Structure formats: C-alpha cells, structure tokens
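Right after this note come the structures.
What follows is a pair of complexes built around chain A, which joins chain B in one and chain C in the other.
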Partner chain A sequence: MKVANFAALALFAGLLIYAASGLPNRGDPTAVLHRDTSPAGTPSAPSYYIRNAYKDAATPNMVTVILADYRGFDTMGEETVIFAAGLACLLILRRKRKNPQGEIEP
Partner chain B sequence: MRDYESDDIVILVSRTLSPFIMLFALYVIFHGHYSPGGGFQGGTMLAAAVILIRLAAGMDIAQLQFPRALGMPLGAVGVLIYFGTGVAAMLGGGSFLDYAYLPLPGAAAALRSLGILFVEVGVGLAVVGILVSIYDDLLESGER
Partner chain C sequence: MSGLEFFVGHYAYWFVVALLVLGLYGMIVKRNFVKKLIGMTIFQVAVIIFFISSAVKKGATIPIADKAVGTAESGLYVNPLQHTLMLTAIVVGVATAGVGYALLVTIFRRFRTLNEPELMERMRREREAAEKQGNDA
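What follows is the complex of A and B.
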C-alpha cells in the first residue's frame, strides 16, 4: 500500500513538473499570457488593470485594487465561504453541554 | 486539556508578544493599500494573537480577552460590513459594490479607495471571528 502511495505521488509530481515545463518564461513579452491583446484581438484585462488601477482607485497597490474593487464579487464569495465554514464547524462540533444529571442543556 | 498547567514564563512571553502581533496585524490590514497585505492576511494574524493567549493561559482566562460567544457574531458583522458597503453603493445610485457611488463626499477615485478600506476591514473582522470560533469549536469537541 505504501509503495502504491509513493508511486502515485511520484507520478503526480512528474505530471506537475511536465506541465510546468510548458509555462512561458517570466516576463516573456511574446507569450500569449503576457500579450497586450488576447488571441481574439480584443484588449486583455491585465493590461487594463496595469494602466488604470491607480487612476481608478487612487491606490498604489494594484493587487488590492484588483481583489477588492475589480474582483469585488470574488472576494465577497471568499468571505462567504469562510463564514459558511465557520458555521459548519459550529453546527457540527459545538455540542450541547450535559449537566450532572445527564440531561442536555440548550 | 484536563491535566493542563499554566506556566508563568509561557504566559509572560505570550502576553508580551500578543499586542505586538496585533499591532502588526492592524498595520497589515490598513497598509494594504500601499504594500502587500489586506484583510485576509491581517485577520489571520489577529486571530493568531488571540489564539496565542488561548494556548498560553488556558481557555478560562482567555475568555476575559475574547469570549467564546463573540467569534461568530464578529464574523457575521464582518460579512455584513462587506455586503453593507455594496448595498450602500447601490443606494448611492451605482451597481452593487461599485464604490464610486458610495453616498459620501469626494472624488470617484478617492471613494473607491475608501470603499476598498471598508471592505478590507470587513474581511479582517470576519476572518478573526471565524478563525477563533473554529479553534474554540475544535478545542471543545476534543474535550469530551
């Protein structure tokens, strides 16, 4: 069983490394990911963010502007997911206290 | 946790360290406009400071600092701040979460900056409350 686990892990690691070898180099201007326009010829979102983040929100940290303003719905979903996780933990784990007579108190 | 004994050195070090962790967490939240950071990261650090006191002094004494019942309400308040910011933008005439229409004086860009601040504070509060609440629940379920 252990051997099978390690074999699966090694296989997965090999798959990841193979996939990573296909990524473009950092800052490569010819890579599709970094081009100013998408393959369909429309302007891409990252270049818009880089050009307009400070003008739109007067905030120097571009990442904050994207997370909280341009992608505000996404961050709202993240927060809701965390809240749901907390609620689930509360409902599953928080047990009702028993008093010495063995009766469950609310 | 039954045979738990508090130790003076551990309590002293945690008490000394905890306010500085909280201060740095607040810095991370409120300086998120200018440097890496924001609500999630700062909130996690605030929760770490609270949980440090819980670990060092025990659950009973730590109740004085952050009561067990406070976690989920604080999380709900954080989520409500986020949603409230979005709804306030709607009341101001824009679409949901469009901070430029917040009903406050100021230019659109400055209002967006302010809206981001509100949202980050909401996220930070929610993360503190919910992380501490999850810690308490796990601890309590292990006590049976």
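What follows is the complex of A and C.
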C-alpha cells in the first residue's frame, strides 16, 4: 500500500518532468503562447488585449479590463461559484434544530 | 540548445513539479483530513504558479498601460490573460477550500475525529450497531 503510493508519486513526477521538457523556455517571447496572430490569421487574445485594453475601457490596468470588461460573464460565473460556496458553508455549518426530547433531528 | 540554456528555461517548471508532487503526497499518503486539504491547497497553488510563470516574457513590463512604453508593441508587456485567469482561480480555490473545511467541522462534530482509518472504524461500528438494533426490533 505504502509502496504503491510512493510508486504512483514517482511516476507522476517523472511524467510531469518529461512533459515539462517539451515546454518552451520560460520568458521566451517567441513562444506559441505569446504570438501576435493565431494559426488562422486572427489576432491572438493576449496581444489584442494589450493593444486595445486602454482604447476600449480607458483603464490602464489590462488585467482589470480583461476581468471586468472582456470576460465579464466569466467573472459573473465566478461570483456565482463563490455565492454557491458561501451558501453551502452556511447550510453545512448551520446547527440542526433540537426536538422537544432534546435530541438532534437528522 | 545548450544545457545551461535548457536549465535556465526550465527550472521554474521543476519547482512546480516539486510542489505538485508535494500536494499529491499530502492528499494520498497523509491520514489526517486537514493535512489532505492542505495538500489540495498546495496542489492548487502549484498550478497557479505554473500559469503565472508562463505569462513571463523576457524584456517585458507589468501589464499596466504606460504612456512612455505605448501599447502598439505587444512584446513590451507580460501576457495579461494568465494573470486574469489565475485571479479567478485563486478566488474559486479559496471558496472550495472553505466548503472543504466546513465539511471537516461537520465530520468532527459528528464523529469526534479527523483521522481517516479511525473515522472509517467508527462509521463501521455505528452502522453495525444500527443494524443490530434493527434486527432486535
């Protein structure tokens, strides 16, 4: 059992290190991730955001513009998740009402 | 690509791998539920660090539009998309961790233990007692 756990961990680490060797160098500006145009010829999202964030929203902070303007619906979904989590915490932690015999009802 | 160049370009990923393995170790080896949840949080943080490290561009500045730099050249700012996505991921991670800890509080109130084998034992004993009571009635 113990040996199987550690074998699984070693396998996981080996797989990840093998996969990481195929990634581009950190900070390489020519990496696929940082390209200006997608393979289809349209401008890629990050470059578009950098060029147009200030023009579109008059806010210098690009992260804010993406979060609240370009991807506003994404942020709304995130708030829904937080609301659901808060509601779940409230329902889980709420003390159960006691019946007249002093026993906690299920 | 020389060996040194490969090392400088990839050592950040190896730190992330170490954090991921540490988190998984906490989740599958440790018996205490709080330690398992701490392992899950370490795993989440490793993923977040990986994404943030992928946003870096050499010779670029923070993603805040600067008149002196201008916004015509996208190579002058680090990639803002990962920062935004990870901002979301951090908040969601905290929310899910909160639900997890709330569940742990409930488990502790009910069974007075957070140790996995002990909890399984107590649940088994309770179930057997309930079955016995059902047979008697």
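To be clear about the criterion, the second predicted complex is superposed on the first by the 93 of 106 C-alpha atoms of A that agree within 3 Å, B and C clash if a C-alpha of one lies under 4 Å from a C-alpha of the other, contacts with A are read in each partner's own complex, and residues count from 1 in each chain.
Quick note on the criterion: a contact is a pair of C-beta atoms (placed from the backbone, for glycine too) under 8 Å apart; a residue touches a chain by one contact, two chains touch by 3 or more.
Since the model is a prediction, treat every value here as computed from it, not as a measurement.
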{"item": "Partner chain(s) touched by A:12 [first = chain B, second = chain C, both, neither]", "value": "second"}
{"item": "Partner with the higher number of touched chain A residues, chain C or chain B", "value": "C"}
{"item": "First (chain B), second (chain C), both or neither touched by A:82", "value": "both"}
{"item": "Partner chain(s) touched by A:60 [first = chain B, second = chain C, both, neither]", "value": "both"}
{"item": "Partner chain in contact with A:23 - chain B first, chain C second, else both or neither", "value": "second"}
{"item": "Which of chain B and chain C A:33 touches, first, second, both or neither", "value": "second"}
{"item": "Touching partner for A:74 - first (chain B), second (chain C), both, neither", "value": "second"}
{"item": "Which superposed partner A:93 touches (first chain B, second chain C, both, neither)", "value": "both"}
{"item": "Intersection of chain A interface sets (partners chain B, chain C)", "value": "55, 60-61, 63, 67, 75, 78, 82, 85-86, 89, 92-93"}
{"item": "Of all residues in chain C, those that touch chain A in their complex", "value": "5-6, 8-10, 12-14, 16-18, 20-21, 24-25, 28-29, 53-54, 56-60, 63-66, 71-72, 74-75, 77, 79-81, 83-84, 87-88, 91-92, 95-96, 98-99, 102-103, 105-106"}
{"item": "Residue numbers on chain B that touch chain A, as the complex places them", "value": "32-36, 38, 40, 71-72, 75-76, 78-79, 82-83, 86, 97, 99, 107, 109-110, 112-113, 115-116, 119-120, 122-123, 126-127, 129-131, 133-134, 137-138, 140-141, 144"}
{"item": "Interfacial residue positions of chain A with respect to chain B in the complex", "value": "55-61, 63-65, 67-69, 72-73, 75-76, 78-80, 82-83, 85-87, 89-90, 92-95"}
{"item": "Residues on chain A engaged by chain C in the complex (per definition of touch)", "value": "2, 5-6, 8-9, 12-13, 16-17, 20-21, 23-29, 33-34, 36, 45-47, 49-55, 60-63, 66-67, 71, 74-75, 78, 81-82, 85-86, 88-89, 92-93"}
